[in-house]
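Notes follow the structure.
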Amino acid sequence: MNAVFALGLAILVIGVLSVAFVRPKTYVARLINLEIPAWGLLLVMLAYDEALALLTFVAVTAISTFVIVRLMEWRDASC
Amino acid sequence: MIEYLVFAAVFGLLLLGLHRKVIARVQMRPGPPVWQEILHALKFSFKSTWVPKTASATLYVGVVLVGIGIWSAALFIVLAGESILILFAIYMLHKVVEHGFGLSSGSPYGKFGGVRSVISAASEIPLFVTVAAIYLFTGSLLLADITAYQAIHGPFLLIAPPVAIAMYLVILSKLPYGPFSIVESKELVSGYKTEHFGVWRAGISVIDGLKTFVLLYAFVAIFVGAVPFWAALVIMTVILVSLSFVCAITPMLSPFDSVTIQGLITGVMLAYVGYLWWVMP
Amino acid sequence: MSEIGGSDLFVLEFGDILHYYTPYTTTLFVLALIFTGLAILSRPEGQVDIAFGGDAYYAKETAVSEMRFRRFMTIACGLATMGAMGSGDIFNFTLFASLVGITNVGIVAAVKSRHVLDAAYEYGIVAMVATLPLFGGAALILATTGTLSIPALAAGGFAVPPIGKALLALGVIGEGMAPFYAAKAEMFRAPGAPYVIMCSLSSLLIFLRVVEIAITI
Amino acid sequence: MLGEFLHILAAATISWILFVTVDILFRLPEAGGVSGASAVARDIEAGGGALAGGTMMGNIVCSPDASAGTLLAACGVYVAGIPGGLAAALMVFVGNRICHDPGYAGTTGAVLATFVVYAFTLVGFAATDFIAGMVIAILTIQGLSHTHASRLLDRLWRIRQ
Amino acid sequence: MIADYSIGLLVAFASAGVAFFALMRETDGLHRLLLTDLIEVVTLAFIALVGTDLAEALILPGLVVGVSELIALSEIYRVKEGYVRPPAAGLQIEVMESAPGILAAILVVYGIVLSGFSGGAVAGLGVIFYFLSRSHSERFELIETASGYSWVLWIVAFFVFMLLPEYWFFAVMLAGSAILVKVMAKMSLIGTMRGGPDV
Amino acid sequence: MIVALEVAFGLVALLGAVSTALVRDSYGKVISLGVLVAGIVPFIVDRGYLDVAVAVSLIAPVVTIFVLMAVRRAEA
Amino acid sequence: MLIITRISRFVSNFQNLVALFAGACIIISLAGILSLPLGFEEQQLYPKTLDPASSLYPYDRGGVPFGTTEVVVQYPENSPYAGYVTAYLTPLSQYLADHTHYLGTTIVAHPGGIIDEILYNTRGLDTVVETSILFAAFAIASYLFRREVK
Amino acid sequence: MIALYLVAAIAVFAAVRVVIEQKTGRKLPYANVMNFAVAGTIVLLLDHPLSLVAAAAYFVGSTLEANAVASTYAGGMKR
């Protein structure tokens, strides 16, 4: 069992738990916690040497974060 | 070929008429004549025909043709002993035809009928459990193989009665006036059929007749096995009468209750098939 | 290959991904084709609504731009359904199923009704979440058998874990909402019959197809 | 082993002197380059530190300054000699522009450090000593006690004034 | 001795269970959207665990499916909740004046070198970041058209692979650059969909 | 990588993950996220994917800035 | 009968749909955990071979440019040029490969590499569908967005 | 080798201090130390010109991150 793999799984689990049972229960907190499992998954991919997928994954995660942030901006502007 | 179609449609309509008659008699009413449904079909064929102004014309007409087309195909599949999976696919797709009827006219009643038919989707699921169970026994889904299997091992009705019950319920939920016939309940006028007049309505009658015939015939073929054609017709009539009794003495369920009950039946059937899968070698 | 949908009629080759058509899938394919054609040819109906509390009724008209957009989505949905019918590769099939899911959302998303949009959103969430069982199932099958090709898996010799099949089936149920139709029933209240019907048709068809796949492999 | 350790300590002292001198010459403690630097300074002052020293620490946090220049120059010299150090200086320059830093403390520090580190490699030091040394040096400023570090920087800043 | 794959699957299934549990309990629309994103990550974990080149090639479609559905759903959510007033300008901090230009340039150049999906995603991110800091007035439809045409080009490239495999070199180049343009254009449009003056 | 270093940076990453999960303040969360990234980048470098490491370490602040846009609104 | 009514009421509200589906997924996840351990098939398509010494690490699959490379595919007869892309390097990537050692990912991502081979050639249809998904999703988003703005 | 251990130890120390520190403004200098240590580690792990680029990229990136956090924390630019 590779150290990177184990670490990745651990962070993935921590992240999933932290998103699922987020405290305080706000959108922002959940959004930030969402990054943790992403980095955990990144380590899992790294353990399998999936470098290209890893790279794309980081970029796409950033984009999806932006999509959600943009939605939250609209929400704040209208409320 | 065409004579088979005509015979099936006429016989199916006759069965539907019988259905109404039996229900009426159970409920102590005189009821319409047995050939009432055939008369209906003929009468509608000669009435004036038009397309409502609000309707989506192509779809309005198209679904009638599609409906007749798929059930004709189903009939030939049953007669030729092809894969019952196709038969059941057609059975499920009948629902889409119902949506087409209901939604294409723009009438609120038709729409409600169509929406109800979407809700009643759970009625198809027991079918797949049936398919899966049969596959576990025969390892094939060609109707010919299934009848061959039954010739050796005896009818499925005795081998796996719960599966037969599931299929029985499926047919029940497609018959009018039954507990699951939520798409045709009286508060919706005639449900999805409301806005189809004249020839179109005659087409619907043909579809209904074919549907009844095909489903009952498939039931006989799958669960009783190879019998002479006249015997199949007799057995079909017997099954239909038993279904009519059920329809006559049960109340119609509210839409979502009917979904729930069908869902629960599916769950039971799934458990049964899981059990079969577990005990089978 | 076990004969559950009949024998192969013809096979289309795209590299490692095959498209093959048995009598069963051909039937489904033709139906998808017919309804796509109907959607292209027909204009939406003018849905009549009753104003409760009086005798009044009014007909809703569908705007041209909305109609064009929804027709485009319907055609995309039809194409995706046709692709899913013939696909001979599990992962490719899951992708087609996802495409069906997203186009289904698209067909109703253009409607300007809060109620319909609510339903579309709920359905969209389920459709998106359903990618987990779909892709998860495909990945599980790939890992345990080493191949994704349905004909190869059907030929036998592979122990496909039942959990993989269950995941696939659940995913398709999520994309198409085949048994739980509550959200779809609400979506059906939207006007535009030719387009809305495609929602129902496509989900039924991919459900029928996944049953075949689950039994075959 | 022990010799390497002493080398690292010496390198730490040298880099400490180098980067603090350059930073103070470039007036880092005077004002926060960006609003973030001032915020850090405020928090440090609230914790008992001195404002000028806090401002300099804030500036170090918010933009690559001479300390970063020294570190990257040492890295550059380690991997590629003098050209590496100059390349590092270039990157620090780009980093400065990215971080909206008006000054040139980082670039100057990097260029200076390149030559200093290179000179010390000639007399038996290894470039790695300077990398570790720079990390220790920054630790003493930013990582041990903000209060004391900021007061010390404040005192040095007074001398400069 | 339990193999790595089973341990990974255990974690993945457990994570899926936890994520779905949270989704089951959640009723708020936006929170549900966030949890969908979480489930997307778990999905990718399933694929990543296979660990072959094929798995890697399958991760990329999985990623794109996830992000595209997220885009569509977020827009539906916005319309359904009736958020019609465009948001004010973004962050008012100093680095937003300097960083986006340089970082975006680096990311776009690197993305073009990478090409394909990965390149498209990286470059698209760069462009989003750039638009974030500018008040933009570019032609929305133009970019959309460009991306549509590049989609067509990619389809053409695909058929070249299938029908005329001897021209594979041409097809690789066409496919790589078409996907790059397409993904980048789509992603960058997300950045412009912020309700600026002329979009 | 040497085991001691793996342990050290694994610890940093775990520490970052746990504290991101537990800290309630948004800014604290963002900074902890930085710690998590700091723990992860050496692993990428150690595998020899320097180009990936460059890209990741440039994209990470972009994500942070996106998040900060939301944090800012929530605070205001 | 009462419990049936209660279930129907729950099912009929589409707000509960997500919960229903999530519940089903939880059950399947539990079933998945119970069915562990699952054996990993060693005979995979497109297996990885790692060669840390190569400048194309981790994507070096051998082969000569414009020649063939051994790639394990499902239907070799359907892609006669399978393996050609894997060995191909553009001038830029060739230059990078000759001069540096740690840029394998960049080099391989540049057109011509195992991933391109899989994505564009042997499993190209996946990519077609996937770009179509992006296209469809984006069409929805931009249609809604532009309608609002107008 | 000893340099590498030293740097890693400092990284862990700084990370711990970041986590236990309460005030945002004072977390950042500790994070800064950690970034220095990680940038040093990157170069010490792989002796290659590109790792200099990686270290610089990491350092600049994390500095930018710290800058953005601090500036947002301070309330942004005063106009």
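Letters A, B, C, D, E, F, G and H name the chains as they come in the text, with residue numbers starting at 1 for each one.
Heads up, the rule we're going with is that a contact is a pair of C-beta atoms (placed from the backbone, for glycine too) under 8 Å apart; a residue touches a chain by one contact, two chains touch by 3 or more.
Since the structure is predicted, the reported quantities are computational estimates derived from the model, not experimental observations.
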Interchain contact steps from chain C to chain F (minimum; 1 if touching): 2
Path length in steps (a step moves to a chain that is touched) from chain F to chain H: 1
Chains touching both chain A and chain D: E
Greatest separation from chain B - chain, by CA centre: D
Contact-richer chain pair [A-F vs E-F]: A-F
Distance from the mean Cα position of chain G to that of chain E, given in whole angstrom: 13
Intercentroid distance (Cα basis), chain G paired with chain B, Å: 43
Where chain C and chain E are represented by their mean Cα positions, the distance between them in whole Å: 23
Distance between the centres, which are taken as Cα means, of chain B and chain A, whole angstrom: 50
Sites on chain A at which at least two other chains make contact: 15, 17, 27, 31, 48-49, 51-52, 55, 59, 62, 66, 68, 72-73, 76
Junction residues of chain B - those touching two or more other chains: 259, 263
In chain E, residues with contacts to at least two other chains: 5, 9, 14, 16, 20-21, 23, 32-33, 40, 42, 44, 49-51, 54-56, 58, 60-61, 64-66, 68-72, 74, 76-79, 84, 90-91, 93-95, 99, 103, 110, 114, 117-118, 122, 125, 161-162, 190, 193, 195
Chains grouped in pairs wherever the two touch, ordered by label: A-E, A-F, A-G, B-C, B-G, C-E, C-G, D-E, D-H, E-F, E-G, E-H, F-G, F-H, G-H
Residue ranges of chain E in contact with chain A within the complex: 4, 7-8, 11, 14-15, 18-19, 21-22, 30-31, 33-35, 37-38, 40-42, 44-45, 48-49, 51, 55-56, 59-60, 63-64, 66-67, 70-71, 74, 77-78, 81-88, 90, 114, 117-118, 121-122, 124-125, 128, 187, 190-191, 193-195
Residue numbers on chain F that touch chain E, as the complex places them: 55, 58-59, 61-62, 65, 68-69, 72
Residues of chain E touching chain G in the complex: 2-3, 5-6, 9-10, 13-14, 16-17, 20-21, 23-25, 27, 32, 50-54, 56-58, 60-61, 64-65, 68-69, 71-72, 74-76, 78-79, 84, 110, 113-119, 140, 144, 147-148, 151, 154-155, 157-158, 161-162, 165-166, 168-169, 171-173, 175-177, 179, 182-183, 186, 189-190, 193, 195, 199
Residues of chain E defined as touching chain F within the complex: 90-91, 95-96, 99, 103, 106-107, 110, 122, 125, 129, 132
List of chain G residues in touch with chain H within their complex: 100-103
